[in-house]
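Two complexes come next, and they have one chain in common, subunit A, joined by subunit B in the first and subunit C in the second.
Now for the complex of A and B:
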């Protein structure tokens, strides 16, 4: 039995407004989401939002630290309608078009209905004007088992650029 | 001695293409003062001497009546703070700060405690590197503690200033207990040596 199994990969052959992983099996202990992202936003930088189980209410919070070129900063949001799955990602106005940002999200104990869901995310991109690295946490104030993950560009753009790729892994333990 | 399933009985080759091996999992059914993982030291799957790295995934919460508490780490049962060095980068939603605890590092991270939002737990991934080498032992920690109206994130790198292989890892709060339902998963990461 493999400890880490691939649940699903979505490779965008065309621009897409959102990416959804649904009917996530409850047979793992933890989930990991890996992504390589560029968005259609027409100004620089855009974060990736994440909603769980279709919940669009203000049940989410995020806290993060980030470095941009030589500056260090922190931010936090509470009672929001989405988590951050990544910090700033490259957008359509930032050359070259082959530049995408990297993101990694750990979703722990996602089937346990006695706990809210807390995630860890790490992301980064190296556009010439706005290189960013972000590390953060996210809280979904709901104890439901996670069965659906929706990802979307969180600053209002039309979607993810073709070539963006998202893979969800399941992690088993003893 | 029985061979682990991922080792070919005839050739001794590692047959499992997966690098990670699940070693142990603990979900508390009552509050506990600490959680310890120990190498079985018997040549079986739980014997840490065969692994390059160890990874512990923690999803935990403390019982003490504060929003967050300090998380303590003990390696090989060593409680001497001078044997640990920590460098951390953390943020609380409004500011980011770097901090160093040189040779004073049992306090390796933080986690949510009992005054935080109900049902919120801290997500932490801790990786111990080259655990069987004769070097000092390095470890890295990613911690996310988000509890509704506030939160903290922390990235930590630490060194255990001893050369002995790791054979036990203990996690505990600085005060109070670890809450019932907290979960701890230990994984071994196999090497694959090629010529």
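Now for the complex of A and C:
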């Protein structure tokens, strides 16, 4: 029996405001989310937001270390209404149209109700003007088992560009 | 044959100074470890440390590491040579938000290769609901065990405290064919 199983894949045949994975089985130890993302924003870059179990309250924190072109940066945000699932991703004004950023998120012990949910993520994209890579972690201050994951462009754009793809995996521990 | 196999999964019941797995078979190509951990210490010294062995644990000064780290808005880089362990750096501790655990993702490629030293790559975080400097941490680490022995034993020590209850360690073996 496979240790890593695909729970669901969403390939956008058309632009979409959000992507949701719901009814996530509680039968795994960890989850992993892999994605290629491009958003409809009309400015240069946009992050990907993530909310768990429909919680829109200020129960999230994210910390990041990132590099843009030749500059390094780092920092944290707390009491926010979403996690970051990726750092900056390419947008509709960043050519070529075939360019999508890559992101990978591990969601650890997502059904363990003795602990808040913690994620670690890495992402990158190499637009000619604004290449950007990020490593980060996030916290949802809630001990509930995660059953729903909502992804959306976090800087207010209308959504993800057609061709963006999101795959959720489950990792077993036995 | 499945590409990923679970070699060990441990959830800490009673606080423990370390997690250790012995008898790791040489039949895989690579190892990956996912840790969701919380250290009972508070503040200085709250970072995990990794050691290897083939049979007995190597506690000699045969380890080194280089890191890129952030604990404030300024990133830093440093190295650690001639050490008795690979530092995995900071993990959430008992000063941090309640019920909050940090994360380690550790890759050990070609762990059974007896011709080469063993290289480790790790991504680690001490997550906390705070943006104040030094209350959180992120690190990318390249670590080296200067031994051509295959890795039969892995130990991940807590900081100056213990791994707290509900900390989990999952060791995967990965095959290439």
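Here is the rule we use: the second predicted complex is superposed on the first by the 174 of 174 C-alpha atoms of A that agree within 3 Å, B and C clash if a C-alpha of one lies under 4 Å from a C-alpha of the other, contacts with A are read in each partner's own complex, and residues count from 1 in each chain.
Here is the rule we use: contacts are C-beta pairs under 8 Å (C-beta built on N, C-alpha and C of every residue); 3 or more make two chains touch, one makes a residue touch a chain.
In this text the structure is predicted, and so the values were computed from the model without any measurement.
Under the clash rule set out above, the superposition-derived model of subunit A with subunit B and subunit C contains a clash between the two partners. Legend: residue contacts after superposition of the two complexes on their common chain; A:73 is shown touching both subunit B and subunit C.
Once the two complexes are laid over each other on the shared chain, residue contacts for A:136 go to subunit B and to subunit C alike. When the two structures are aligned on the shared chain, A:106 is found in touch with subunit B and with subunit C.
Within the superposed three-chain model, A:42 lies out of touch with both subunit B and subunit C [touch as defined at top].
Overlap of the subunit B and subunit C interfaces on subunit A comprises residues 2-4, 29-30, 61, 63-65, 72-76, 78-79, 106, 108-109, 112, 114-116, 118-120, 122, 135-139, 141, 143, 171-174. Those residues of subunit B whose C-beta lies close enough to touch subunit A in the complex are 16, 18, 20-25, 57, 59, 89-96, 98, 117, 119-125, 142-153, 155, 181, 183, 185-187. Chain contact summary for the complex, subunit C toward subunit A: residues 2-6, 9, 34, 36, 38, 68-70, 72-75, 92, 97, 99-103, 105, 123, 125, 127-131, 136, 138, 140, 165-166, 168, 170, 172. Subunit A makes touch with subunit B in their complex at residues 2-4, 29-30, 61-66, 72-76, 78-79, 106, 108-109, 112, 114-116, 118-122, 135-139, 141, 143, 171-174.
Across the complex, subunit A meets subunit C through its residues 1-4, 29-30, 61, 63-65, 72-79, 106, 108-109, 112, 114-116, 118-120, 122, 135-139, 141, 143, 171-174.
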